[in-house]
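Two complexes are shown next, each including subunit A; its partner changes from subunit B in the first to subunit C in the second.
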Partner chain A sequence: MSWWTSPATETQISHGDRFWLYVVAAIIMLLLIIPTLIVIPMSFSDSQYLEFPPEQWSLRWYGEYFDSTKWMRATVTSLQVGFLTLLVATPLGTMAAYALFVSGHRFAKTIFMLLITPMIVPVILIAIGVFYAFGRMGLNNSITGLVLAHTAMATPLVMIVITAALRSYDLNQERVARSLGATRIKAFFTVTLPQIKFSVVTAGLLSFLTSFDEVIIAIFVSGGNNATLTKHMFAALRDYIDPTIAAISTIMVGVSTVLLLATQFIDRRKK
Partner chain B sequence: MPISPDIETPMLHGQELQSQKKREEWVLLGLSLPAIFVIALVVILPVGWLFYLSFVDGHGNFSLEHYQKMVEYKSYARVFITTFKVSALTTLICIVLGYPIAYFLAALPSRWSGIFMLAVLLPFWTSLLVRTYAWLVLLQSKGLLNDLAIQIGLWDSPVKLVHNMTGTLIGMAHIMLPFLVLPLYGAMKKIEPDMMQAASNLGASPVRAFFSIYLPLSVSGLVAGALIVFVLCLGFYVTPAVLGGGRVVMVATQITAILEHQFDWGAASALGVVLLLATVLVLYLAGRFFKFDTALFGKR
Partner chain C sequence: MNNSTALPISIRGLTKKYGDLNALNSVDLEIKSSEFLTLLGPSGSGKTTLLMAIAGFNRPDAGSIKFGDAEMVLTPPHKRDVGMVFQSYALFPHMTVSENIGFPLKLRGLAAKEVMGRVDEALATVQLSGLGDRAIDQLSGGQRQRVALARAFVFRPRILLMDEPLSALDKKLREHMQIELKQIHRQLGVTTVYVTHDQREALTMSDRIAVINHGELAQVDTPEAIYNRPKDQFVADFIGESTMLSLTRGGDGRLSFGSEIISSSSPNPSVSKWSLVVRPERLHLLEGDVNTSEKQVVFRGHVKEYVFQGETAFALIALDDVTILSVRFGTGAGSRIQLLEPGALVSVGLMREDIILIPQEGQT
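So, the complex of A and B:
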């Protein structure tokens, strides 16, 4: 029996009978992937104009990018803010997720809902609110302000990843450790944390990416010497199109791919 | 280590234990304080401030003028209609395109689904600015799509595909699709294959089995995904601003325009408040039909 006539599902429909599904799925997946990856060949074009496929290849736009103080400074800011957000949001979100998961307090659910509000409130509203409030506090255009805002955006994601990990972990192990004399803190660090460490790493990568890719808050709150890569990119896309963006986009796709493959790898290790 | 005989366990009263437990619960709650502080500072306080500003006129007195304008001026109605239209159409496109790939992925053995899943996850993890830029290039009048369409004879001269509604919908659907596929895939993975087998054994055709077993069981995931997409679209800014080229004015675009050109915090805040209320209303209505817990963490 060939693959074509062999049953594909429990309802005994054959692969041949539902070949159309494979074709449809393949087309849609190509539509998802191509626009994501097309910036890569585009970035090696020699032309001023956006053309695809490029007629001549060159590294010209990478040269422009690496030679520009504006882009370099923005890249450093974005990396710095992303890294600081990772360092702040990961412990903050992990602590909160653990606390709310373990504590049976009647407020726990309410606090959880409060802490995931950044995912519910439209980002544009947060952005102008933060712009207004930070203006009063003198935090606009500062790294501190941006890290604070991005931490608020990343914390709910960290909490969701960690809560999911705690749900599939048997908390009795921690109780055993404590009944054998370990303090709660020691029990957490020696028994619980090692078992959810992969999720903590995933949560950290997610917080970095949340900050690194964030556009709207950055447009309002960052500026001057501390403008982020995304803020400059957005301005460039809206007002004039500079092919340097193709080079920067390629680098950003590279960063996302590496982080994504890292989480996939971690996922495999977990199992 | 032998248990030391000095411990007088029976001395602990039930009441004392109870209060100890209470104290520990509070201490644990305290661990969430830093997160509460940051979110209060960045979200609760500023949004509350905007809420207040939306009810105050130029002289600092209570007034409903900003909300009144929204009802009276036709331009506002147009913005709300555009926002709703773009969000609803994007959600619809995502359902039509997302269901087949989620179904395809869910039916694959895990060895293969992991690889094909990257087609959904890579765009999901890639900056939406990058993807918006790619569409800007692909859709322009001398872009790849127009070239291709002319070559195969779909149309004769370049069609305007970007800086209008078409471009906005294409870009938004591309960005939102993973948000629909991921929860839907999760729901489909939980459907017991035995159920389909049972339907088949009892004489249902594959099509009938799909419509009376599989589809109803996957609806919770579909609703969750569609809801996420719709709500995200309501407040979307970047893609309509770039691919709409000023012709597709949604609420978020209007808010920034008011701030940039008129510097009118009251009017911008009032629009933001309406946007927030619309979002909460949609989530509330949907929450009556299904549980968010399951969508966020998966079933236990």
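So, the complex of A and C:
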């Protein structure tokens, strides 16, 4: 068997030698992916309840979702909040990453760590904190409040993506631009930004996804007419088990997959 | 282009500290209009810090930088009108060759037609005519270097700064570009400050060389003067090859090495310890029994090592148990290198005109 004995890398290790590695990797991948994929067949069931495998197939739960004003309003809210989070978090995170990267200030690393804490602190703590803070400020149940909270969650991601992009960028280009007569801002927009634009777009998509998929903060601070899709789904799961959830989940998995593939595609085009 | 826009640079008391490190320690340097001056020093000597201060990318803690009569210390880089070439070239990869070179012209609001004309002119100067539409990643290292240079002078800056622009090129191309850069400098007549750690490059290209060490200027002089009359051990050591021979001072002020009298008097009576700097190529092989005379000093020793290197041959000659003299000769028939057999006793002569005396370290 030629594939079996052919070397897997530059070294002499063959694919055959790596057989068990491949098996373990495949099992891990399946364990990660099956729980997500299992909802897809469930969403096409004709049954009143969530069941697997479905006995009869139908699209009725998709119809249920698209015909429901409640679900539609929640979807619009989620898209709106996601989009606004993208618009706020992307420039904010880009500016922060750029400033901290370029300054070389002795506290730059510390400030960077502080700004990415929302990624490290358990989300439930952030949610509780935000809930009480917003209570005093009257921001609970508002789009503005949700966008602010999601921006705090998305900004660290943007910062990490943009910092990685700046690492592989020669900052002397900006210096040259300045010596050639460009102001700092002009140098950034004409020389730096065009070269990190793919990363900026990736960061934008990721911040949209961060908001769109977020449930814990949404449970605390969104409500009424401004409840997000994820919050409604969570409530629906608790109150009544209904395959509409599976249909919505499938759509969300689809959206997330498309966006993640988009970032991967952008990443590849960059090179 | 002519040199009517070139400006002299006057640097006074320039000091820059990074924490406890004195990157620049009260540097005074006068650069003449249209001059090609090289800042030469080992890494960490402060040469790049000084160049960046002239460009405006770091703000000195004290001192003054004047272009002509105008004080520049507080002027941001984009208002200094200085062309700059970086070691990494820092070309803009998202722009074509022409767009790169046209960048400073567009910033100055020139009309598209004039931009095109000036870009073509600059491309011709660096011998890249017709490559304007190329993408940067389609260029070779040498071509990139030329584009970076063209971009730095196309807007007719008053001053051109270069930070080790040739160090990424291979030896042949580097030597070729050295000559070419020199020609372009002559053609443009722009005041040029060039940074390098390569002493040969500095000797090849410069009108004057400023040797810098530990943030201070060790010597500022023409290449000939720096090579032939180094002021101290650092300069003698850093520029060219050399052997330092420690001299003894007799009661009458005579400086001698062993029994050979090197100089009848000390160049500076207040300095007691002197070294003789011997450049390997300034020595010549002697045949037979020749002694030190009015004309030359003769050293005798055994050949320890002999290496044939093509255009020159290199040998180490042990004068005594601790002193080893490096010598370098041409390999032509007249140079008598056949005498250099390992172990052989040979005599080498140093003309009195070639004697270089420097005070020993720790003295002034």
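What to note about this one:
The rule we apply is simple: the second predicted complex is superposed on the first by the 257 of 271 C-alpha atoms of A that agree within 3 Å, B and C clash if a C-alpha of one lies under 4 Å from a C-alpha of the other, contacts with A are read in each partner's own complex, and residues count from 1 in each chain.
One rule holds for everything that comes next: a residue touches a chain if its C-beta (ideal position, glycine included) is under 8 Å from a C-beta of that chain, and two chains touch if they have at least 3 such contacts.
Since the structure is predicted, the reported quantities are computational estimates derived from the model, not experimental observations.
Once the two complexes are overlaid on the shared chain, A:Thr183 sits against subunit C while remaining clear of subunit B.
When both complexes are overlaid on chain A, the residue A:Val191 reaches subunit C alone and has no touch with subunit B. In the superposed model, A:Ala99 makes contact with subunit B only, not with subunit C. Looking at the shared chain after the overlay, A:Ala164 reaches subunit B, while subunit C stays out of its contact range.
Ranked by how many residues of subunit A each touches, subunit B and subunit C are led by B.
When the shared chain is aligned, subunit B comes close enough to touch A:Phe107, but subunit C does not.
Once the two complexes are overlaid on chain A, none of the subunit A residues touched by subunit B in the first is touched by subunit C in the second.
Every residue of subunit C that touches subunit A in the complex is listed here, in rising order: 55-57, 76-78, 80-84, 86, 88, 90-94, 103-104, 107-108, 151-152, 155, 161.
Contacts from subunit A toward subunit C in the complex involve residues 170, 172-173, 175-183, 186-187, 190-191, 194-195. Touching subunit B in their complex are the following residues of subunit A: 8-13, 17, 21-22, 24-25, 28-33, 35-39, 42, 49-52, 88, 92-93, 95-96, 98-100, 102-105, 107-108, 111, 114-115, 117-118, 120-126, 128-130, 132-133, 148-149, 151-152, 155, 159-160, 163-164, 167, 209, 212-213, 215-216, 230, 233-234, 237-238, 241, 245-246, 249, 252-253, 256-257, 259-260, 264. Taken in their complex, subunit B has these residues touching subunit A: 24-26, 28-32, 34-36, 38-39, 41-47, 49-50, 53, 97, 100-101, 103-105, 107, 114, 116, 118-123, 125-138, 140, 142-144, 174, 177-178, 193-194, 196-197, 199-200, 204-206, 209-210, 231, 234-235, 237-238, 241-242, 251-252, 255-256, 259, 265, 268-269, 272-273, 275-276, 279-280, 283, 296-298, 300.
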